[in-house]
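One chain, chain A, links the two complexes that follow: it is found with chain B in the first and with chain C in the second.
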Partner chain A sequence: MHKLLIKNELLGCIQCGRCSAGCPVSLRTALSPRKLIYKNLRESRKLPKSQDIWSCTTCRTCQQRCPKGVSVMDYIIGLRSYQVERGKIEPTMRDALESILKHGNPWGRPREKRTQWIDDETDVRILSEGEETDVLLYVGCTPAYDPEIQKSARALAKILNDADVDFAIIGNDESCCGNEVKRMGELGLFEMLVEENTALFKKYKFNTMITISPHCYNTFKNEYALDFEVLHYTQFLKKLLDEGKLQISASIDKKVVFHDPCFLGKQNDEYDAPRELLKYLLTDEDNLLEFGRNRERSLCCEGGGGRMWLEVESESPRNAEIRIDDAKSIGAEIVATSCPFCQLTLNDAVKTTKSEDKIRVVDICSLIAENKFEETEMEE
Partner chain B sequence: MNSVVCIKRVPETAEATLKIAPDGKKLEEENLVFSLNDADNYALEQALLLQEEFDGDVTVISVGPPETDEIIRMALAKGATNAIRIHHDDISKLDASAVASLLAEQIKDLDYDVVFTGAFASDDAFSLVGTMLARKLEIPHITMAIEMKQDDEDEAEISRELEGGLIAKYRIKFPAVITVQTGMNEPRYASILGIKRASQKEVDVVDDPTIPENKVQLEKISYPPEGKKAEILSGTPEETSSRLAEILKQKGII
Partner chain C sequence: MNKDIFVVIEHRQERIADVSYELLTKGYQIAEKLGGEVIAVLLADDGDQMAQSLKSYADKVLYIKNEIFKNLHSEYYCDALSSIIGERKPALILFGHTVDSFEVAPALAEQLGIPIISNCVDFDIDGDFVRATVPLYGGKINGEYSFNAENGGIISVIPGAFKVENPQKSGEIEKIEFTFEKEYDDKEFIEFIEAAAGEIDITQAEKIVAIGRGVKDEENIDMIKDFADSIGAVLACSRPIVDAGWLPKERQVGSSGKTVKPKLYIALGISGAFQHISGIKSDTIIAVNKDPNAPIFKVAHYGIVDDMFKVIPALKAKIEEMK
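So, the complex of A and B:
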């Protein structure tokens, strides 16, 4: 019996199929967690070499719904790790992993350009070794390099400055958090990043770390042993609101629906902070709509688990396209989210479903910044 | 069947800001990330694919300082069986002929069927070492290979891409040198655990090789002269795309 089967409690599986029924990609790809486990237990106790495991977005729905406590997602990640060790992985994932090793980010961009998101109008302090700040803003790779998501980073910096938060960033020495690395099955590289990042954080003095991406938040909070508080930015801004340090006046009179990112919602039980922030922004609270599938049942956008670097072949529409269609059918005009990956996948879906004139996808911090600093360049 | 793969550690220059060192003969290395030369990565993969099919050894060989061991370990992690590093403090001071002589000196005594090199190194882009190496080993060679088909261990059918999209097919008897173009295969990934395990493997270091005389001397590296400026189109996607289409039409491209 392979240790991976024992470690993840596969023998407890009763083949009820709740994992496959809840799996957000089982309808559009060949991945069926139930079948995978069945084959592995009944037909061969050797690890399956199935390529279907790469469709998994590591949203964790399967693991959350399993009535027998089988660690379905962890099992799939474990299977991936054996394929990574053999080196036979999709070239796009290979390139992302090699880029993280070489440049500290999965996007193939040089380290020296990591702070180029900071424009002339953005005031951000970069920490030197030994320096102190109350809040460390961990920017993350996608907000640092992706032109669209850089807007979120700039918006958040403006909000923090306006609220007189003593914050700073690490700068070009900041490296990938490793959340996706672990989920792509590159466990050795993940361990290395944990070690290096933990040592890096020790060079500075701060009380709280905030992240823009729920993916970074997840791994720092749950998979590192850090001695400071880690918050997602929506949680931090909610706290500022409650303490009266951040003022948001209601100005949006459009219908808004919130798309729960898996790594904030399902994996970390934070459903309320983003919704609370949105309520402050809306002239009428009733304009905050809900998807039929929301909160812990939220439909994964397919951006997690390394899927940002892997397109799966399917005749069926992408989940993000389904999400945009759902948003249109409930009459939403804005899909708000709080995750760079969700923003990118949903934004693509707006284009592929030709919904540009009906739906706008936007990060909550950009919405807040627009609301507060309307006269500036914060545009759609 | 046994293969030898010549590999080189090169800086990644695609997106980096390049600065020429004060002596005008090399790049400033601070802030540069070094890795296995792209074409050599494909050469290595080809050797590993042959090894999977026909068994045998894959020996990687490189000229360079101790930092070169980074790419050697990566090659060992991918499955190379032996490794040789010919020590040299600063390979930017060697010309292609000198590198080929250093490599040939070691390779000539190995038991090999094929020597693979990348078609060119991304730093100096000479494309010469493979050809010169074949001459020094007195064996045939094929450059710029994009496909390799092999039924037995003694010979192979190699495709080369010519100008204008033509493909030339050759049969070549081993032993031979093949210089590999990027795209010939899909190089595998070297995991970090694999690289760590590979650091236990032995690298055979040739400490004090006789350095052959350079026949070509590098005089100076300079930045390219400023040419015509690029035009950046601004406006909505609709505006910029129609303007782009207009320009392409004007130039007779579409």
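So, the complex of A and C:
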């Protein structure tokens, strides 16, 4: 029996099918975790060569729903790693991984442009080796390079400055966290990043790290052995709010719904901090709507598990499009989220479902920054 | 120093590769400079027709016949070539820098003990020396390399580096029935697999016309396809067009599609999401979009803020006028 089957408790599987029933991509692709396990246990104890595993978004719904404690998602990631080892990986994912190895980001952008998100109006301190700060803002690759998500990074920096937080960033030496690398099955590169990043963080003195992406947050918190506190920015801002260091006055009188990012919710049990922040922003708390599928049942946007670099063949609409349609049907005008990937996939879906005049997708930190610094603009 | 230029002809399924004609054209210029001849070296089994079609490009076609040459087998190629080259000692031997020559050219240089510069975009001969230009770092910079060609040398050139001109020669065909002393049974040619019909490789296109959501309706694609055809461009698109099922996935440019590197990229009705832009590595990007704030204008070299359905007919008319 292959060690991957033993390690992930596959023998405990009772074929109840809760994994497949909850799987957000089994809606639109051939991936069925239950079937995969069945075939692996029943027909052959060798690892299956199925290509369906690449549809997985590593949202962790399967693993969370399993009543027998089978590590379904970890098993799928394990299967990927064996394919990656044999060179069987889609070219788009391979290119993203190669770019991480070469440039420290999956987007094929140069290292020396990592701080280009900082514009003239954004005041951010870049740490030199040995320097000290209270809070280290780990920017992450997508907020650093994607012009749309750079707005979130700038918004967060503004908020932190306004709240007098002693914070700084690493700058161009910052490198990919490896969360997606691990989930694409490139475990060797992931190990290397863990080593390099851990050594990099030791060059500076700080108490808390905050991240913009729940993906970075997840891997730093759970998969590195770091000796400092790691928080997602929504958690940190909530803390500032509780301590009276951040003031948010209610100014949004639109109906808002929060889309739970898998890596913040399902994977790290943080459902409340973002909702608390939104409540402060709303003139009427009742305007905070909920999706039918929310919190631990939240529908994955399909941006995780390396799927930003891989399309799957399907006749069915993208989950993000279903999500936008759901938002419209409950009467939401703003879909708030707190993850760069969710923001990108949902924003695309707003365009493809022609909902631009009905729905706006926005990151919570951008909403807060607009509320604090550009109140007039919000009115338009 | 000998004066003749050998061009090793590359062929597959009895079709001669374009790069061979490019090399014959360049070889002819060099041979003229040296006062020698350009000789097409064709290793083939059933190559009479190919030899005929080479005649007008070369002073001589050296047709080396053996059934082994039906398909590429680098060891046999090397043995035959080194025996012929050893006898006739040409000034230079030219190869296309292709997957076929990767296997043959360096091994041949080693076998003959002569220098080689591979991956060239240009070369010239200067006294006893050959100077060649080799792109480095993915074409960001060029390196100049040279070797002493007194005892001959090999150059392999990237396809597309030279224009083909037919000098209308009528070279004689010298046919040699070649026999091998040594056998190689450690590898064999199994099968030739043709790329599935209809598949277009947008990554190889020199000109691309790409459409985004601004195209609005599937019916409008025909008109843009017409425009693309009229300028010899390949049609590509952003993700929503594939999602809508209007164009197949192999036409998608972006981080979850293909990375393209055309000389000209015309983006029509594409807003320019980062994930699309990361797939474009083009010298010239022209964007047409109604929204002046569309992020595509940040990366475009030229931009037109207007309705693409007004711009394209005007552009097409202008291009027709110039033709």
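As a convention for this text, the second predicted complex is superposed on the first by the 374 of 380 C-alpha atoms of A that agree within 3 Å, B and C clash if a C-alpha of one lies under 4 Å from a C-alpha of the other, contacts with A are read in each partner's own complex, and residues count from 1 in each chain.
Operating definition for what follows: a contact is a pair of C-beta atoms (placed from the backbone, for glycine too) under 8 Å apart; a residue touches a chain by one contact, two chains touch by 3 or more.
Just so it is clear, the model here is predicted, and its values are computed rather than measured.
Novice: Following the superposition defined at the top, how do chain B and chain C come out on chain A, clash or fit?
Specialist: Once chain A is superposed (C-alpha atoms), there is a clash between chain B and chain C.
Novice: Applying the document's definition of touch, where does A:K68 land relative to chain B and chain C: first, second, both, or neither?
Specialist: neither
Novice: Once the structures are superposed on A, label A:K358 by its partner contacts, choosing first (chain B), second (chain C), both or neither.
Specialist: In the superposed model, A:K358 contacts neither chain B nor chain C.
Novice: Have a look at where A:R293 lands relative to chain B and chain C in the superposition and call it first, second, both or neither.
Specialist: It touches nothing on chain B or chain C.
Novice: Tell me which partner A:P110 touches in the superposition: chain B (first), chain C (second), both or neither.
Specialist: It touches chain B, and chain C stays clear.
Novice: Examine A:K255 and indicate which partner it touches, taking first as chain B and second as chain C; both and neither are also allowed.
Specialist: In the superposed model, A:K255 contacts neither chain B nor chain C.
Novice: Now for A:E85: first (chain B), second (chain C), both, or neither, which partner does it touch?
Specialist: First partner only, chain B.
Novice: Now that the structures are stacked on chain A, which of 112-120, 184-192, 202-210 or 220-228 shows chain B clashing with chain C?
Specialist: That would be 112-120, the only stretch with clashing C-alpha atoms.
Novice: Can you list the residues of chain A that touch chain B in one structure and chain C in the other?
Specialist: Overlap of chain B and chain C footprints on chain A: residues 108-109.
Novice: Touching chain A in the complex: which residues of chain C?
Specialist: My answer: residues 213, 239-240, 242-244, 249, 252, 255-257, 259, 271, 273-275, 278, 295, 298.
Novice: Going by the contact rule at the top, pick out the chain A residues touching chain B in the complex.
Specialist: It comes out as residues 84-89, 91, 93-94, 97-98, 101-103, 108-113, 186-189, 191-192.
Novice: Help me check something: in the complex, which residues belonging to chain A touch chain C?
Specialist: 92, 95-96, 106-109, 145-149, 307-311, 313, 318, 344, 348, 351-352
Novice: Across the complex, what residues on chain B touch chain A?
Specialist: 12, 15-17, 31, 33, 35, 78-79, 186-196
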